[in-house]
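Read from first to last, the chains carry the letters A, B, C, D, E and F; within each, the first residue is number 1.
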Amino acid sequence: MIELGKYAGTVLAAYGVSILLLIGIVWQTLAANARARRELEKHEKHG
Amino acid sequence: MSIWEYANPVKFMRVSGAVLPWLVATAAICTTGGVAWGFLTPEDYRQGSTVKIVFLHVPAAMMAINIWVMMLVASLIWLIRRHHVSALAAKAAAPVGAVMTLIALATGAIWGQPMWGTWWEWDPRLTSFLILLLFYIGYIALWSSIEDADSAADLTGVLCLVGSVFALLSRYAVMFWNQGLHQGASLSVAEGERMSAVYRYPLYLSMLGFLLLFLALVLIRTRTEIRRRRLAALQAREMRG
Amino acid sequence: MSLLAVHDLAVARGGLRAVEGVSFTLQGGKALILRGPNGIGKTTLLRCVAGLQPPVAGRIEMAADAVAYAAHADGLKSALTVAENLRFWAQVFGGGDEDRALERMDLAALADRPALALSAGQKRRLGLARLLVSGRPLWVLDEPTVSLDAASVARFADMIRMHLSGGGAALMATHIDLGLDEAQVLDLTPYRATPGRVERPAGFNEAFA
Amino acid sequence: MSLLAVHDLAVARGGLRAVEGVSFTLQGGKALILRGPNGIGKTTLLRCVAGLQPPVAGRIEMAADAVAYAAHADGLKSALTVAENLRFWAQVFGGGDEDRALERMDLAALADRPALALSAGQKRRLGLARLLVSGRPLWVLDEPTVSLDAASVARFADMIRMHLSGGGAALMATHIDLGLDEAQVLDLTPYRATPGRVERPAGFNEAFA
Amino acid sequence: MLALLKRDLTLATRAGGGFGLAVAFFLILCALVPFGVGPDSEALRPIAPGILWVGALLSSLLSLDRIFALDHEDGSLDLLATAPIPLEGVVAVKALAHWITTGLPLVVAAPVFGLLLHLPGGAVSWLILSLLIGTPALSMLGAFGAGVTVGLRRGGLLLSLLVLPLYIPTLIFGTEVTRRGAEAGDPFTPMLFLGGITAGVLALVPFAAAAALRVNLR
Amino acid sequence: MLALLKRDLTLATRAGGGFGLAVAFFLILCALVPFGVGPDSEALRPIAPGILWVGALLSSLLSLDRIFALDHEDGSLDLLATAPIPLEGVVAVKALAHWITTGLPLVVAAPVFGLLLHLPGGAVSWLILSLLIGTPALSMLGAFGAGVTVGLRRGGLLLSLLVLPLYIPTLIFGTEVTRRGAEAGDPFTPMLFLGGITAGVLALVPFAAAAALRVNLR
């Protein structure tokens, strides 16, 4: 385990928040894309 | 073949579909690599371990600005040449830009606590970012509140144009208004003050990663938007027919 | 020369074509009534002719500043009186004798009443009086006789006849009988756009669909 | 028993009496059409009957919660779909089968379209479908067929007939022919209020005049 | 009544419905004040509670005209008045929907804005609590104002004018709670008053608002 | 065009037209701030220029949706678009009418409000001057925002969201003029910027606003 010193909380918080936000936007992007594709395919099959 | 051919949605879907796997893979590698490398760099003698934040903060801050510029270019292409894909790309980029701005703000705020002893300071750099966030929010809100897709593209395009001018103006106004605490750009300054290589290379990698990540996200989101438009057209036609 | 010529026009609403292949010309002194079931695209076509909306295909030929448009919304300010409302439009369009217009639409007695205090039919009459002061030769009217009683419909027909005899023309959409026997009628039903003809897209959505 | 009884009713608008001395009763199974020139007071009278406005004189007798009112404004939310709009009113009035109402007004194909994207006549049909889900016996309708094409007017007449045959009643104001031959007609022209009859003031303004 | 609540919330979240805009406005206001007042944190700290409360109040105010005006324009209000729901219930439900779409998000977002204005950390929980207790009164009073002005063409500014004086007691006690929280005073007394005002408003104002609506409909 | 200006001003002065309401709102805001911030004149003096400018900005903001929305609803805008006046001219006239009904009264009333907030005497003339130069830009930018949002049902809050960031440079330079006036600094530099922004806005924004209107009408 690497040593973060007295600023451990700060560094971890910064990394935590950023990674959460990044994961959030990536997840939202992929989910919306999958949904759009699914709906379109469903529609093209039936319609 | 001119570059405008890629603005044809069918062609765009084909090309972007072919490029995406590679893009996603390199983006994932560079981003995680850059961030992880950054996290493992040694402490700075002045800033302690907080220097590690730079590998998130700086790439995010740069992307936040560059994404707005890209949206401006895309809006102009839409307004002048009326290529739908470019309008949709601008729409797709905005949420990514807003998130980048948020990351820059959040990491900056968290960093500020130990460095300046405050979460938030009305420093010009910071303030301009807050204003940029406002522009992103307004832009996204306008897109989402207009029903007709082409009108929405036109109106947000005009807003992006006017907004860019005022974002720039605000930057100068804010600098006039308050002298700041924030660091100047250190990547470009004279050799002596330059960041040591220990920090420079992971930073480069992280910046590249963020850029690729953004490109991948924009491509995927543009594809989503195109599919949505297609679905809406099919549904509308069915109802009418 | 004809006041209005429409060639192979297609209009779209909400990204989908409504009617297509519509052609007609309108000479001075003539009136044309558009008919067709609800939702076929009469309103959309009239808005195109009035220049409020671009057509998807085809051409509309007419002189600049020739159109006076009147739709469901009459452009009345409820805080202004009948006379003030009319005077404003007369000034904007730079034409017309307001008092005669009030007289013709039987509104003289109501001239000083705020538009707020008019009944549905009285408002509509005021909206029609605006056409008289516009001084424009081509009238584009969307369901002009809604809410009018029988006497007012007859008065409206007279007003149209007078306009035609002065060399003007009128293009109207309506579902009911206007008592204008001399007007030609164009039924839009055969021009209903057939969906799914990709070679003639209404815009991005359809091109891609 | 009659669904609605109106005795010697006088109604006022803007402090002036519009019509006065109107009396009629409406049994279940009957329809009454109010006629009269623009501005005589049809809308005002209907709003009184619907309970939106108090009468100046006379009595209106009917059961509580019996009226379904429909006027020019249809109470549609443009952001909601056709089905959502109708469902909301069905829930508020606690009645009715939405799908059948959509079917009856030929709106089933448009069920998932936002109300924003309807043409004038389609909106009106949706406003009428609301009556079907209200479950109320007495329909009070102000110019119900505005913007409707001929087929829709016939459909409307059918809907009224069905309502009447189910024991309901309808009170309508209109200027055009609804194709409802069995309905009685009441012309309001003879009841126009004579201005200046100080012994029967419409309110403070007139009493003071 | 549930159907009405559901519809109003659906409308708010649909395109153009304005959900979240109150928070955005609040953010903008908190960002503007330093531009006006100056960036100095010493100058900002003492006025932070006041600015935050004034901001909450204004962003609630700006969306008031949505409460009834839209329904009046499209005729829904006429129809609701003839529906088998008491008009008082309609008012209460609409005020509730307004609070859920504007007040509640503010409560959630307030800590972040506190940061921008250098609100001391200890005061944040008091700020949240005071907003949570106070904002329902703002929505209900707003519904009253909206009911009074509903017939008027764009009564927006008039509405603000009518409602703002009614907001003053809530504002005073709300900021007092926050300020005393910041300066380690006794925040309980103003909190009690704040709660009392909200309770009274919620119990009585629906009747006044319904009466005003009835007048405006006729 | 003159006829349009005259009509808009007449409408503003008629019942429900909202003339003077901007000033009233400004007054209420200036009265609220001491409730929020505390009545201490030492605390008020430094923030007075900022509050006054923020107040001017908000009260101009609140009446923005009147610029086009009413005309759009009743169909006047469709008719004006087919009238023999360029749409840019319509925008400019409407922004002017908005400024005359909201900006100008504020300029006139500002000294009084300055008193309420203990603005130093020497700064009053700078306040007036800065408002006089700055508020036309607010009206014109507001007309742009109103043009963009005109088709939307009650775009009020969205309008604020779009317009407020555009107001920031004007706000900064405006308060800077007033503050430097109060503290005997050099008010000419910010005044120059303020004038430059206003001139640029007046020259260019009508075209953007007219373009937005055309999109919204189709």
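Here, a contact is a pair of C-beta atoms (placed from the backbone, for glycine too) under 8 Å apart; a residue touches a chain by one contact, two chains touch by 3 or more.
Please read these numbers as outputs of a predicted model, since none were measured by experiment.
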item: Interface residue identity across copies chain C, chain D - same or different by half; value: same
item: Greatest separation from chain E - chain, by CA centre; value: C
item: Longest centre-to-centre distance from chain F, chain (CA-based); value: D
item: Whole-Å gap between the CA centroids of chain A and chain E; value: 34
item: Euclidean distance of C-alpha centroids - chain A vs chain B, Å; value: 15
item: Inter-chain centre distance, chain C versus chain D - centres from mean C-alpha coordinates, in Å; value: 28
item: Inter-centroid spacing, chain F versus chain D (mean Cα positions, whole Å); value: 45
item: Interface hub residues of chain F, defined as touching at least two other chains; value: 16, 152-153, 155, 158, 161, 164-165, 168, 172, 218
item: Multi-partner residues of chain C (at least 2 other chains); value: 14, 72, 79
item: Interface hub residues of chain B, defined as touching at least two other chains; value: 131, 134, 137-138, 141, 145-147, 177, 230, 234-235
item: In the complex, chain F residues that touch chain E; value: 16, 18, 21-22, 24-25, 28-29, 32-33, 35-38, 43, 46-47, 49-51, 53-54, 57-58, 62-63, 65-66, 69-70, 152-158, 160-161, 164-165, 167-168, 171-172, 175, 179
item: Complex contact set, residues of chain C against chain D; value: 13-14, 36-39, 43, 72, 117-122, 125, 143, 146-153, 175-176
item: Of all residues in chain B, those that touch chain F in their complex; value: 131, 134-135, 137-138, 141-142, 145-146, 151, 154-155, 158-159, 161-163, 166-167, 169-170, 172-174, 176-177
item: Residues of chain F that touch chain C when the two form their complex; value: 2-4, 7, 10-11, 14-17, 71, 73-76, 78-85, 217-218
item: Chain C partner contacts - residues on chain B that touch it in the complex; value: 9-10, 84, 148-150, 226, 229-230, 232-234, 236-237, 240-241
